[in-house]
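You will see chain A twice below: alongside chain B first, and alongside chain C after that.
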Partner chain A sequence: MHIALVIAVIISAILAVMMLFAKNPITSAICLLGILLMSAGMYALMGEHLVATIQLVVYAGAIMVLFVFSIMLLNLSNAESEFKNNPKMFYAGMTLGATIFSLLAYAVCTHFSKHTSSLTSGVFTNAKVEELGGNAKVLAHSLFSQFYISFEVISLALLVAVVGAVVLAKRKFD
Partner chain B sequence: MEMFDLIAVMAKILFVIAISLGVIPFLVWFERRGSAWMQGRVGPNRIGPFGLLQTTADVIKFVCKEDFVPKNANKFFYHMAPTVALVAPLCAMAVIPFGSYLVLGDHTVNLQIANMNTGVIFILAFAGLEVYPIILAGWASNNKYSVLGALRGSAQIVSYEIAMGLALLSMLVVYGSFNPHEMVAWQNETIFGFLPRWGAFVNPIGALVFWIAIFAETNRLPFDLPEGESEIVAGYHLEYGGMKFAAFFMAEYVAMIMASGLISTIYFGGYGFLPGMQTILNLATEYFSLGVAGVQNVKALLEFTSFFSKVSFFMFVFVWVRWTLPRFRFDQLMDLGWKILFPLSLINLILVTLGVYFLN
Partner chain C sequence: MTQEILVQVLAAFLFTVGILIVLLRRDTIMILMGIELMLNAANLSIVAFSKAAGMVEGQIQVFFIITIAAAESAIGLSILVNLYRNFGSIKTQKANTLKG
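And now, the complex of A and B:
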């Protein structure tokens, strides 16, 4: 495994722990941003440039901006002093998190042990994707030919969400 | 990775960073002398010939100033903001090609730091990250004016990113590729026999929208509302002094250089030859009787000159516009972004798509 990949994994693990235990909402948001940047870096190191770029554009560049922006607008700056440590909630959250993590880890581990034995890989091997002109081109072709109906339906769902947001916001301001 | 490749990548990174940080003092000098020239003043002319050493004096002043941190500021984020401000545009420069390739022995060196198969979109990703230093600086300074500046800045950058993305998308439809090298190759042809097939001639509305949007993205006048001195003192970097302020200042220039490089690559032929350069190349080939590798290396040098002069021209335009137009009001800025540029770029995208569909 690449040494830079290991460093990225370690940094994002540290940031994740910091995100969980930070008292300040902005600190948590920035730590989450750090994790997203690190995972983009990991994808790029694996040679998956498209996934890395989408990660940066969508998550780091748009969703996290919205998070930080709304935290600032709601002015949660005094949340830090009002922060109360609720042990019951804390332990419940920790137990739930640990359960989900161990289930995920179990699923991943079992999948990887199966993978070597029976499953066959699909048409798009790394060499094949490279030959067709990279991930971006292959994805674009399949999105706009084979899967174009589902693609359009998803964009319609986004449109519905936007209209809904406008309606809700307008009612509040009127 | 081979040793040669590693050294080549390091050399390219060093070259790009050295050039983009190294021209800043000259740009600051030009900004001040140029503004004086445009307004019929003298400008700074005492230190060095034509006042050229004025920026050196400024740098010494910045470094020697007290490193002051406001009492109620969030120390960590307060120091993080200027760093991020400088890093994000420098990262974006990794994908902008400044020449085709060099031939060294039996190796070829691609004159672009990272050849990613998402190319131009990667630049947009890092342009999107330029919001964070503004938000962080405004929030961490714990000052009302800073927060106002940060809110203005983030709203402005997020709004104009849409128009910028759509203008870029219309060009991607024309090129059919994310790769900047392929874009430059496409633009090297001519239309009607004399006009270079630059993106700006093929898609003028897209070029105009993109050009306006990069002014808003880099917080330059007439869109420098986040630091509007007459209303909110200095906006998001109000509480910053000394070298920390200088970092924001440099970041603005690096972002301008990056934006100029991007617009030259996408709309103005990138590192493609300017008129007359082919003649120089032919003359040099004959005069020095160069081999194939030599011709390619001289060509790369000329291409870098061409790219550099295009970027310099756009930097000049940045200064020119700054000292020509007054600052907008914030509602005018939002109207321009959402009611004019956004529909205009959408209509343009549809027209360009139809054009590409029927002409190909």
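And now, the complex of A and C:
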């Protein structure tokens, strides 16, 4: 087991809990940025270099800049903890969270070996990917041959989203 | 194998925290961040499974999910700016026009 991966897992879990309990949205945004950076590190440790790069550029770069800019525009001043004067909600939330997490973790742990062994084991092992010229080359080949229609449709969806965001931000409601 | 289980458990934990943020926090910007956290947890799980199974399809799907997440956050944040413009606050209690 890679020791850096364990450290990244622990730091992500701590940052997630800090994000849940942070009073100020900017603190939560910074914690989310840390989680995304740790995820990029985990992708890189698992050998998925293209996904790690995209995670860094798109998620940790573009999306988080958008979030921080919105927090700056909204001028959130009177931030206070939602759990301070509402302990009932705190305990209900923790119970719910513990239930959901234990169910998810139980499902993953009991079915992981079964699922991975019942899957037809793919051809892209580490040695094969290395032989074909690296992770980015393999992914790009698959993206522009097998999935090229999806790729074009996604680019169209992104264009529609950009136009929609501009329209929504410019509109004056009467 | 233990490494992949660890990543899967972390993905489950991050997803749970995302659900709790969406359900418990009253700021709409926190709700959007919770959605991003849940998407990230799903990405982590998909990539770990794809790695364990020796396939690249999972990574392609994650590529598409990240693109959709970027579009979603752009739309969501512009809705948020409109919400602030109309109600003077981004708390969920303030946007109660449709409440009966």
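We take it that the second predicted complex is superposed on the first by the 141 of 174 C-alpha atoms of A that agree within 3 Å, B and C clash if a C-alpha of one lies under 4 Å from a C-alpha of the other, contacts with A are read in each partner's own complex, and residues count from 1 in each chain.
Here is the rule we use: a residue touches a chain if its C-beta (ideal position, glycine included) is under 8 Å from a C-beta of that chain, and two chains touch if they have at least 3 such contacts.
What you are looking at is a predicted structure, and each value in this text was computed from that prediction instead of being measured.
Shared-chain residue A:Val6: touches chain C; no touch with chain B. In the superposition on chain A, A:Ala62 makes contact with both chain B and chain C.
Of the two partner chains, chain B is the only one touched by A:Leu33; chain C is not. Looking at the shared chain after the overlay, A:Thr53 reaches chain B, while chain C stays out of its contact range.
By the touch criterion defined above, A:Ile14 lies against neither chain B nor chain C after alignment on the C-alpha atoms of chain A. With both structures placed on the common chain, the touch criterion links A:Gly134 to chain B but leaves chain C unconnected.
Comparing chain B with chain C, more residues of chain A are touched by C. The intersection of chain A residues touching chain B with those touching chain C, taken from the two complexes, comprises 50, 62, 73. Per the touch definition, chain C reaches chain A in the complex via residues 1-17, 19-21, 23-27, 29-30, 32-33, 36-37, 40, 43-44, 47-49, 51-57, 59-60, 62-64, 66-75, 77-82, 84-86, 90. Of all the residues in chain A, the ones that touch chain B in their complex are 24, 26, 30, 33, 44, 49-50, 52-53, 56-57, 60-62, 65, 68-69, 72-73, 77, 133-137. Only residues 74, 77, 116-118, 121-122, 124-126, 128-129, 131-132, 135-136, 138-139, 142, 147, 150-151, 154, 158, 178 of chain B touch chain A when the two sit together in their complex. Those residues of chain A that touch chain C in the complex are listed here as 1-2, 5-6, 9, 12-13, 16-17, 19-20, 25, 28-29, 32, 35-36, 39, 42-43, 46-48, 50-51, 54-55, 58-59, 62-63, 66-67, 70-71, 73-74, 76, 82-83, 89, 93, 96-97, 100-101, 104-105, 108-109, 112-113, 115-116, 119, 121-125, 138-139, 142-143, 147, 150, 154, 157-158, 160-162, 164-166, 168-169, 171, 173.
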